[in-house]
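Below are the structure tokens for one structure; questions will follow.
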């Protein structure tokens, strides 16, 4: 929670933005429509910490992960790996692959059906400089790290012979083979059976706690974010709408969207202090001007529809991009910048 | 790895049998031939008899020997052309589909050009420029035929590759830093195996047709024996008009048989790719033994009558 | 909600005419009665036992929740019940009886045996008396047809007397019920969002005023916010029209909010059945306990949870003993040798298939599984309680 050990970010993003241009169908002189998939997102992935990004489908969270993995090229923004700037636009390099790994959502689809597990583990080892003679030993040790024991039972299996939970462990093992310092996990549990989800979450937690990996955990399941996160970010329509250290924003949601999200989660036990009827509008519309959430927001005012709110600090490291919090402290800060960075700048000036 | 097992379908078994028979003939045919196919030692135009199973030509050559010896050249050309064309279509199709952009445009243009040019005239033109010595070389002829036969397979493979290109396992390979050529040929290509096999069968079939045609119109060396030159000589000596059926029917039947065998084999590949073709999971025999209607019907899940066998199974498991 | 009235006079009378709940269970009380129902995939050596000896009843106008993971047989069960399971699925035993009330005399109930019914009988019963909502609305709707066509077709087949204009009016009413504007009838499926498509499916399922609606993970592919909206709507619709519902999902906490009674399935069998409140407050089967503990809580202290060790069993391999034994923290010798039957426990009519609760008790029941159930929690979704 605290910054006493002044952690340095393994991977930092500043103002990452990605626009997709699509043609409006049905017109001859095609007007181009710009979809703002991700708008001005900044974050720091710190060793030994889990940063959770929560959002619905279409919130841009997966595009964000792919930009961080350098599979999708950002429209604008900056990336820093271990403090040094990465030239955007270029291809994903081997060196970058050795540092930053991405685990995909669907474990069944992310394994090549024609190759056994051994292939999935030996390829990254060989690519990243392991000797042929030691590959087998290394593959076994990685399988043991993701608690697939005994390794011999899994090495020569084909993907269709394993369950979803086991495959997701293999998928994580494949990422670990290159010994990355940053692990990006894009909805790693959403395709898995309920009973094996916690196993994967605990595995990620262990990697952060014991092996000091910096982990980005992307999810639509806010409860699982609460279980893991050291920092939580909520995205809506490509923008960060609320962020906090720890899980403060889940325990005390400030932004109307976060409140709606939390009140929607099925929870048989009591739900304190949140109004479930807040979901005024059904449609997922993104406003072109003003606050993106305004069309669905029960508290929207005239101002929300014309002016996009900046982020307001509403507590220690807790920021909300909503006009509701404008007068709370009267300070507007740049939500795009993580608090650590801001603190650093504050001491400099 | 899936263990190789013999296909259940009688169609596929028949196809396998036919193609296998001709491949064996390719190897042993010339040794089995009772006579030198070019030797003119016998009387002309003898009908089929115990001495000459398929009679003799107008020059007194043994037709059965010609058929056996000719099988080798025909099949060798077909296999060489089929393999080379499939290899070409694989490299060009997968590269075009995976790389996209300018490479795709260029490679697609190339295959479209080869698709648009009529194959046979092109073949005739190329062939007529060949020195006469290479016209009798099966490998040279096979290579030339493959040049006109790869384009269609490349189109199909390109389309298939494009549908695989954005699959998660390909993205996963990119994430670990795999090189492009390895992604194309160790990650994507094995998944296209059924398509490749099907494409191979059809190019082999095409190559037999093309080679026989070339030989029939006299563009290969008429001194080497294959089924096409047999037809050429039969035609040149007016065999069809003089009812000398034993001269031109046997090579025709052989060509048709190989074609049928290849087509039947392709059914096997279809079933391999699309398991739903296998009669709704239950074989006709199983359905009969269970007293179920012969055809599976959607929207009417069959109900097994209570039988001692089923009952016992339940007792054992509970 | 300004939805126009739907003709449900019949249905309400029907419910009014039925004997009170306290009476002995009879055909009138239950809309669906299933006994010893088994389903296999294939019949030869590769046979997979997908559903095994399932017995359950669905009370009129209540929600039966079916919880289970993939491979537990929950979807197979309902597809087979309606005889919609595709080959190689085969019903290998048991009975399923749908008690259909006649349209003219609501008090008269005709049992239809779904396992022996002819294709014609099934066609008559499906949709008008029992309808299904599938997980993927996109694949259930014909991509080249406008939404209106789907409604028109259903009404034309089953309500011959209706004119074209009446059918259109009815379709608009139905859409209004699920909160969609009438102009959606002219749209193609791909022009609607996932939530809207699922609403269309629900409206279609309700088109003929069925007595039983089967929902197979209708909200799994949707976002939580949309899921919440649809669940709330379903509760309202049920309160109005009084249909019974089988709701299948892997999300146990969703079921606890929505269902009256819950059955938990594991490896093709029912391992526990209880009222929603009881199941949540005092689970009796170790698997149910594990499932409930698999969802990280939204409030309270953050603590490490362990979930359930291991992975679901392979149904193609015939096993001896309790199918959950390999993953169970309380396994005894008996669990590996004998399959526990689904037996009633306690006085509230709940049952569980676990040797821990056998009488006389072999060992002290672990504390986690002997929690007392005190206050009824009850469904919390709005509308349900007003029933």
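Here the chain labels run A, B and C in written order, and each chain numbers its own residues starting at 1.
The rule is short, and it goes like this: a contact is a pair of C-beta atoms (placed from the backbone, for glycine too) under 8 Å apart; a residue touches a chain by one contact, two chains touch by 3 or more.
None of the values given here were measured: they were computed from a predicted structure.
Chain-to-chain contact here is organised exhaustively, every possible pair of chains being in touch. The most distant chain from subunit A, with centres taken as the mean of CA atoms, is B.
Inter-chain contacts peak for the pair A-C. As a whole-number value, the distance joining the C-alpha centres of subunit B and subunit C reads 52 Å. In this assembly, the C-alpha centroid of subunit A lies 34 Å from the C-alpha centroid of subunit C. On subunit C, the positions that touch subunit A within their shared complex are 69-71, 179, 193, 195, 223-229, 231, 250-254, 256-257, 280, 290-291, 294-299, 302, 304-309, 311-312, 327, 377, 380, 382. Those residues of subunit C that touch subunit B in the shared complex are 38, 41-44, 49, 52-53, 79-80, 83-93, 115-116, 119, 122, 318, 339. On the side of subunit B, the complex with subunit A involves touching residues 1, 167-169, 171-178, 187, 190-191, 193. Of all residues in subunit A, only 69, 71, 92, 94, 97-98, 101-102, 104-106, 109-115, 120, 123-124, 127-128, 158, 171, 174-175, 177-178 touch subunit B in the complex they form. Here subunit B touches subunit C in the complex through residues 280-282, 286, 290, 296-304, 306, 310, 314, 316-318, going by the rule given at the top.
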